[in-house]
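Take a look at the structure below.
As written, the chains take the letters A, B, C and D, and residue 1 is the first residue of each chain.
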């Protein structure tokens, strides 16, 4: 049981990390950036390539990996989002453009094998790989029947720290205020001298960088890096998390992450493994029906 | 009695929006409902029409109990309403909007449609005819306006269209929530005539509006709300002279507003009241120089070749009917809507290619229409955002304090979320925010829109003070009289073009202007 | 384009056939010379199946090159078209139709994934076109390709070792070595491949006296498998059966070892790629599976293949490359003996399928024959991960 | 490339040798129109695959166990989908926008992972074989029913109900003020969409020998949503065009030994949506023939002045 609690916390952290990026963009733009899962994967993939194929130190690889995800954030903004904003497209249009980009990113990694035009990016094709042991020291302790693996244990403080920093950033810094202003009313914000486009760009870049970081941590702790980790394993759960927590709310995303982790493990322990996933989604369903605004979302009622 | 409200109650959290209101609306009458912003008028309407559940008391439409019924049932019972902030089906054509209004009257044609039987065609034809008639009753041209998407109609027409849509229900009671908001006197005159005509055909109307001339002019009875309670109820004369009402709502300047009707000596007093010296001619050196600017929304040219100049230290008013393009000009200057052609230079900055943010940095600041404040953030945060461009935070903080001194009400509310403020307070916040951006030229868009008379006085006092503080002001205002009173010069805009220009005085005197915009 | 080429070939064939008939003394001559044997492969190059498709393709292309360089099939060149079904069963079936009806391929290979195969094979059967499965290992592939309809499919063959053989052999071998008492089965319930394997494990274990303590089902989309592994480990089984493929086996092994479990991993074809062994690393050491092919085999037909493959692609082949390569060799052999007419496609397809039943050649997989049910009849190699991304041979089980 | 070439040079042969592809286009179009119904009534419901699964499993199971005629199986599947639609609709329909979307995703995942994979009769993870399938013969019924469905939906949008949906989509509160029973009409749309999806599912199961439990998940729902959005959901034809475009796209960009189809497909997706944000087919039908005064988009339709 104790081990299961730990498992819940670990996976919860991963969910939270992944979801924060989502929720950040949604909070500001009311847009679901479906390329986020691809960026998440890209962060892990690039870092792996740098370590294994380009023989960089893990630290360097991380920095470069996150940096390239930030750049990918720029791509998302300039190719998928801004043109649609300019054309005053309905938010749902951005769904399509980001799906398109995700398709491209995943395909690029998936087709990255020896002799292909993407071999510089990735050489293991659709295969799943893991960081060679020793990439980072990964001692494992056994305490009172519990297994504590360094890379997993580390995720928790990292997550919490990141969230606190981000929370402070949004709540108290000038930039954070600007962000919230843009989130609430871009028109009014621009009339107060805020450069809305710049704000949005920064948001998407920040969110993508976070996504990349999450991907790296995932690759380390779960020892599974493949073109599909974002899309297959986290995309939908990420959505579930930000809804559970309340769309656009960062503490919400964190709480939602841990909540989903708990629900899933609880479902496993109580109902048995084979219905676990089903139960988790049923819980999500109920959660929405009972409290549509999510844990931290504010009740929204229209003014007539 | 057509409508009978019996001790209705509704509170949101601690706020008693409607606190035991009872009133009766005579069948076939026009009943006015007035009160300061946030007095609970709209909430009351929402309770009656079922949008907000009542927490006590009952509402009767003749023998039908309204309370406890869902909105669409109440509508089907014959209670039609319009909305304070227009809610049309923007993508649908005006005609389609009206046709949807007839929903409850049409028999279900689904099967006929599926089988494509000719029945529905006959049906459709009659529906379309009805819709045409309704649009004509409210003074819209079905063949022209009918084909355009409701969202692209001029503001005034949208208000009329909403009324037509409501009429499509064949209602027993029509509730109009600020139908004349943001209209100039001549348009208001039109609405007034429309209301009277509908009433003459036997329709009972509950009218909510801030315009005393309208309310006092058309209503047989008037009820006054304040803090969710009814503080007065009677024929217009009694109410308008009721001291409680005057203190709570009308305020000092308002009796003249209320009394100002054709043939009063008001204007002459006014001239005596102010110094005769005015600069009329367009200034040589202008801080803002706009030449032959065109702006278009999709297919419509909202602004067609406008040229205007504003010199340092002036107050310049832009007046004109709604849809004349006043706000569009301001938004174009602020860089929110693209300028199709022409030149617009502010203090050497080419406004056509500049980003909104850099325009603000240069000192051209707009206080937008519709109080675009950030409701989810506190008053203080709103003000802090206004100092966004500043490097020196400490100095900014000082100025914010100063600003709160200048508008004490904001000081008291500093910790509150902005969306808890009343309409007037929001407007003051918007203005304060504008000022904190260190404007060299302040664009004010409809500062008195939807405000109770008392508030209007306060806001204009503030504007006057700002001007005396040396800030140049470009003012867009549907309350043309108030605007001209404080303006050095004014431009009269019609359908996107400048028709007249001159000193505030000249325009006050100009019979054409008075006819069109001063309702006298 | 393709169509026109087909028509040309067709006309040419007619002319030649005419000549053949006129010159009675010709004694048949060589109807193959200068002809083209059109083969089509449906493989998953993109999508989840992309783990296997590309290897199969490399193996096939290698075989085609070798055959065509060494004079082709009685002088006829093999023209292989590989089409990617994006791991989608719908695209797979559509491709099958167009390749059979439009491209007029003589025979098909593939598809890569089982859940595509169950759609494609019955289709090929109904269109009377031989199709050879080169990577599908599930149940009901052959002979009852249209299960639950029991009638055996005449046109469907398989050269990939079915889990039905592999898993029981693997369990049997380990049972004889170590006599395990208890086991836990981990199966990805939303993955046909894994579920097939799971069913087989459940059917097999008790005949070797292994008690299945628990069947733990999970979704292949699970990010973190720890909770399941924890559950499994806490039962302290002697054996953990893993029937999944892709990243899952390695993730389970790593986690289980981390949690201090020291028992034996037994699996199926999902283990048989170097990537899995590499991803599992030390945690995978000793994990056993029954493989259709072992890279270390030194008999000529394998050694040559491995060398040729390394030369061509400068990387090691894997089981799927070997099976793809073998697939082409098998069809070539059958085509050689089928004395095709190149004029009547339907007839040729029938001849080819008949010839396929009697294939008997040496392949990288070992001496190769089809069983009466068109399944592979070959030696099974029990291999185990060496903990360093490779495999070592433990047993070899000759076909009964 | 061969693909296009043959389509123009030899359409007959093309049709004969691509019946499976064309049939799939038809199925996807029906799915897309089921998505259209909910979108048109202002509900971002992603439940379609769930109802597909119900339709598919019902009809195949009935066929396998009771050997009942296909038509009957289809019908039962549709009805069952409708019933489930009501049950699911009651709680979720008060949700708006993305919240409804996620709730419906919760539904389909719970259905496929929680139920289908754990009820023995469905064959669980092994999937369900349908030996009676008729891949090559199924196309006619598909195309016929597609035509009928599109026509009926078009009629529906012309009538009282359609206008009400139109109103609800644009402003529920205003619709209420006109006496439109919003809740009931949303429910009608939801159930109708469910039945269409169930029908598509039943048909599809008849075209392939195998019902794959993993095909009724989120990936499918995203695909269907893409059909509707890319095609344009303001007009009945939009989603159908979207389905046609996206289903053929992989074949159009198919080049032998070219492994980067998804890269191209993704790029095309982005380009199309950027240049036609409202979808390939605008609200008033094909955008090319759209009258000048027609609204460009909801947001741009703001009152000047």
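FYI, contacts are C-beta pairs under 8 Å (C-beta built on N, C-alpha and C of every residue); 3 or more make two chains touch, one makes a residue touch a chain.
Values in this document were obtained by computation on a predicted structure and should not be read as measured data.
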Both-way neighbours, i.e. chains that touch chain C and touch chain B: A, D
Comparison of C-D and B-D by number of C-beta pairs in contact, larger one: B-D
Reference chain D; chain at largest CA-centroid distance: B
Inter-centroid spacing, chain C versus chain A (mean Cα positions, whole Å): 37
Centre-of-Cα separation between chain D and chain B, whole angstrom: 44
Separation of chain A from chain D, taking each centre as the mean of its C-alpha atoms, in whole Å: 29
Per-residue multi-chain contacts in chain A, two or more chains: 107, 110-111, 236, 274, 277, 304
Chain D, residues touching no fewer than two other chains: 113, 117-118, 173, 259, 261-262, 296, 298, 300
Touching two or more other chains - residue numbers and ranges from chain B: 51, 83, 87
Complete list of chain pairs which touch one another: A-B, A-C, A-D, B-D, C-D
Touching residues (chain side chain C, partner chain A) in the complex: 46-51, 54, 189, 216-224, 226-228, 230-231, 234, 246-247, 250-251, 254, 258-260, 273, 275, 278-279, 281-282, 313-315
Of chain A, residues touching chain B in the complex: 174, 177-178, 180-181, 184-185, 187-198, 298, 303-304
In the complex, chain D residues that touch chain B: 152, 155-156, 158-164, 166-167, 170-171, 173-182, 234, 283, 292-296, 298, 300-305
Interfacial residue positions of chain A with respect to chain C in the complex: 3-4, 7-8, 10-11, 14-15, 107, 110-111, 113-115, 124-130, 132-133, 140, 142, 147, 149, 218, 221-224, 226, 228-229, 232-234, 236-237, 264-265, 268, 273-274, 276-277
Chain B to chain A touching residues, read off their complex: 42, 45-46, 51, 83-85, 87, 334-336, 355-357, 360-361, 365-366, 368, 372-377, 381, 384-386, 388-389, 393, 433, 437
